[in-house]
Amino acid sequence: MLEIRWHSRAGQGAVTGAKGLADVISTTGKHVQAFAFYGSAKRGAAMTAYNRVDDQVIMNHEKYMKPDYVFVIDPALVMTTDVTINHKDTTKYIITTHMSTDDLVKAQPKLEGKEVYTVDCIGIANETIGRPIPNTPMLGAFMKVSGMYDIEFFKESMKRILGKLPQKIIDANMIAIQRAYDEVK
Amino acid sequence: MVFDKMELREVEVWDGNFAAAQALRQAQVDVVSAYPITPSTPIVEGYAKFKADNYVEGEFVMVESEHAAMSGCIGAAAAGGRVATATSSQGLALMSETLYQASGMRLPIVLNMVNRALAAPLNVNGDHSDMYMVRDSGWIQFDAFNPQEVYDLNLIAFRVSEDHSVRTPAIVNQDGFMTSHTAQGVRPLTDDEAYGFVGAYKPMNDMLDFEHPVTHGVQTEEDWHFEHKARQHNDMMTYVVPKIEETFEAFEKLTGRKYNRVEKYDMEDADVAVVCMGTSVETAREVAKEMREKGIKAGVVGIRVLRPFPFAEISETLKGVKAVAALDRSAPGGAAGMLFNEIAGSLINADTKVILSGYIYGLGGRDLTKAHLVDLFNELQANADAGKILTKQQQFIGVRGPKLAYL
Amino acid sequence: MANTGWDGFEIGAMLRSFDGAVDDIAGTAQEDRKYSPNNSFTASVADWRLEKPIFNKDFCIDCQFCWIYCPDISIISRDKKMLGIDMDHCKGCGICAEVCPTNPKSLIMYPEFADEETEIAQWPSKSEEK
Amino acid sequence: MSEMKKIKNLKEFSTSADRFEGANLLCPGCAHSIIVREVLNATNDDLILGASTGCLEVCTAVYPYTSWDASWIHIGFENSSTAVAGAEAMYKALKTKGRLKQPDRNPKFVAFGGDGASYDIGFQWISGCMERNHNMMYVVLDNEVYANTGGQRSSSTPIGSSATTSPAGSVSYGEKQNKKDMMGIMAAHHIPYAAQVAPNKWKDMVKKIQTGMNTEGATFINAVSPCTTEWKFDPKDTMKLADLSTDSLVFPLYEIINGRELNITYRPKNVVPVEEYLAAQGRFKHLFKDEYKYLIKEWQERVDANWAYLNRREEARV
């Protein structure tokens, strides 16, 4: 069972990202789950989304998980919320920030000794898609860090999922995914 | 205008709401009369969008309240066509008057109920308070534990509800957010297969048959009311149950997916078991398997059909069990939980020594963790070993503060 | 219906207005309709009456005021002619007599027990202040 | 659109075959029944009818009898409008899908409700139906009181009326609030047609019903329905009371097209003083005591002012 927790602000596309990831993985015959914690809070409020992936049918519906990966797609959340909650020794972190990994760990001592990767998903999204929607770049970074799928296969799959969007936006997302894939450290 | 069919993949990743919307589309529902409420809204939004994109023909009436939503459904159903809507929680509370009218008038309607807590305090998350509130409203109630089942049970619900021997509206329950907003793999039927299974709507006593004017919604007093209610109950007990069984069988033939009014998991030799509904059934199944690895013969019973209540099946299922827990996801309001009571009723005259305890859990979307369930199974095993209940009969789990236990 | 048990009626307490199919009800006079036993047309409220209208067609001008203002569909009017009163459905409200414009009136309320022939025989004559 | 039924005069109208039946359980002399007959007989088209809980409903569909010769539905007190709207939606859906059993018919969809069901508890439902512009007619049988439950005040009950929940007494003249302007509110939905009617003015009523039924979209009719039981007058005087209500201008007859264009459709040759209207009813009997006579004067002033207002609106065409 692979478990992922997303830290995001409402409106940044974590739910869409989690569902998109689940959709891609599902096409490879694995079983998936994508869900989120919602409250009545509106755009801008901190929220979490989740993925589960397994070879077996997923029965577990508890929201509690010890994630294998933590995605943080908003740079401020690593400071304002505890992104390490319910962690395990092997938990990997992919964090959106303009800082270097070292500087980030210095700024947030809770990350010390953990496997932390950084990438500026917001910057990439702004420069490619033109809007600060960091969900698809995060998935590009995840492909690099996890080595889960070949990046070309992943991009092709995401093209299908983004299918209803204008071509220009789909193309920009592809560039964003590739850039995050290349730039994550 | 001819509507377009939709090409679906063998496995789609849908949340429970979208699965329901797809089922409504494939059933080619004629009228959806609805009012939005979290977490059920995406179901009717889905129908509206399918209509906007020419994937379904029908009327979508976005009314001004849930009460009007069901009023419109009743008028549309009486007129003679396929009708569906969706609601949750407070919306259901506002709508509840008309639920009794729909069932009393024997009008087939499918209501997707995305289970959510009832205020106060206001809460949008999943528990079963709304499901419990209308349990005696005369509607058939199905319960889905995941998005696949939401999809399947919607198709089943139309076929059962519209059958001329049944003509009783049906609710398809799913857990708010935990199912409604959780995307999982769903194996849909093709549009033709799905519509073929549900079947074309066959009108009965339809107002729009101008050659046979009908009066729906009469007044009765002491002189007639009891007979009409008795008939309604009799039909629920005698016609609806076999029709559900028959439809489950037909669905299995088509898809290989077998539904039962009572779902039994690892129950053949179970010493201890939990009875629950919604997503909890699946989480409990996983924990039961883990308990078995630790030597505790644990099983899980899921209530697939809450109404008509599977009275005999429950007592049969629990016959050899030593200790069983009823898990109620609804504030009991000064009583034992509904499932506790229904199960107690099913067992009281059965030849069994099973020890029954009740747990109140998960209110307002509070997580039911695997750890909770491990503790619970251990508690049941202790009861089984002792041959008597060692705790109070009713306990609250997963709530902050001093332990709550009663009865 | 009186002694029907719970298993003896249509589900949903649904009632049919007619036996069998009907085509053009708006174009079919009551006497030509196949009313179902559940149509209130087949029932009677005659026992509600304390007074009854007696119709004297000698003075009737077929104005149809009584037809249109009768709340109980009890004025039998066919081909623009007033034929009489449906005494099964008349509740004796007296509106017909009140709205009758002739002098003397063509409809007058009498006690329920009054004899029609006798009353018509001694029908009031034209009054001065109508 | 189907052909409109031709009704030149009362004799011609009287050839209508009623689709509402006797041996219903309404009070002797009830105006509801007269209004319903005038509405239903205004058309030869098929009808899909609904009624809210109230006198009309409990007296015409009492198991095992129905007094309706067209399909009819009742759900609850507040929702006859939406029940009929739902049926209308189904008609549209089945028409689109080619599934109507008799596709050549042109049914009219009509919902009835009393003033309690319409001005009060069902107000939101009616507003919704009007706003969504369902192709239906809503008819209020306005007897200004909850007659079915024994005479409680509604928001249609006029000032000075003695109702069981606003009774006149040694220190009270009864109802304190003025009648709600339902016509104004409904017209404010900018529905294609709204009209006020009275059963005594049958020709005016039939014309308006026909106009409404042949208008595409939601139409609203407010019909004054003198209530022998709660207004407290002799059953034989129902039409007299209807005459008094229209001829005193307490209940003026007019129509509003598209929420803007107001036409007064009846101008009494001899306007009757409001005092005569009030004096004919037991519910206003106490107003004739010396200490309340000022209320009769105020009544007249209010009716005059409203009449002047309607005339100004008619003239201004706004």
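For reference, chains read A, B, C and D in written order, and residue numbers begin at 1 within each chain.
The definition used in the following text is that a contact is a pair of C-beta atoms (placed from the backbone, for glycine too) under 8 Å apart; a residue touches a chain by one contact, two chains touch by 3 or more.
Everything numeric in this text was worked out from a predicted model, so none of it was measured.
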**Asked** B-D versus B-C: which has more C-beta pairs touching?
**Response** B-D
**Prompt:** What chain is most central when centres are computed from CA atoms?
**Reply:** B
**Request:** Let me have the rounded angstrom distance from the C-alpha centre of chain B over to the C-alpha centre of chain C, please.
**Result:** 53
**Whole-Å gap separating chain B and chain D, where each centre is the average of the chain's CA atoms** = 43
**Euclidean distance of C-alpha centroids - chain A vs chain B, Å** = 34
**Request:** Using mean C-alpha positions as chain centres, tell me how far chain A is from chain C in Å, no decimals.
**Result:** 80
**Request:** Check each residue of chain D and list the ones that touch at least two other chains.
**Result:** 61, 63-64, 66, 68-70
**Message:** Give me the residue numbers in chain C that touch at least two other chains, ranges are fine.
**Reply:** 9, 13, 15, 17-18, 25, 38
**Prompt:** Looking only at which chains touch which, which shape fits best: line, ring, star, complete or other?
**Reply:** other
**Fill in**
Listed in rising order, the residues of chain B that touch chain A in the complex are 9, 11, 13, 15, 39, 122, 124-125, 175, 177-179, 181-185, 279-280, 282-283, 285-286, 367-371
**Asked** Quick one: in the complex, what on chain B touches chain D?
**Response** 1, 30-31, 33, 57-59, 61-65, 67-68, 71-81, 83, 97-98, 101, 105, 201, 203, 206-211, 213-221, 223-224, 228
**Fill in**
Interface with chain B, chain C side, in the complex: residues 4-7, 9-18, 21-23, 25, 38
**Message:** Per the contact definition, I'd like the list of chain D residues that touch chain C in the complex.
**Reply:** 10-34, 37-38, 43-45, 60-61, 63-70, 199-200, 202, 228, 234-240
**Asked** Which of the residues in chain B end up touching chain C in this complex?
**Response** 104-107, 167, 205, 211-216, 218, 220, 224, 226-228, 230-232, 234-235
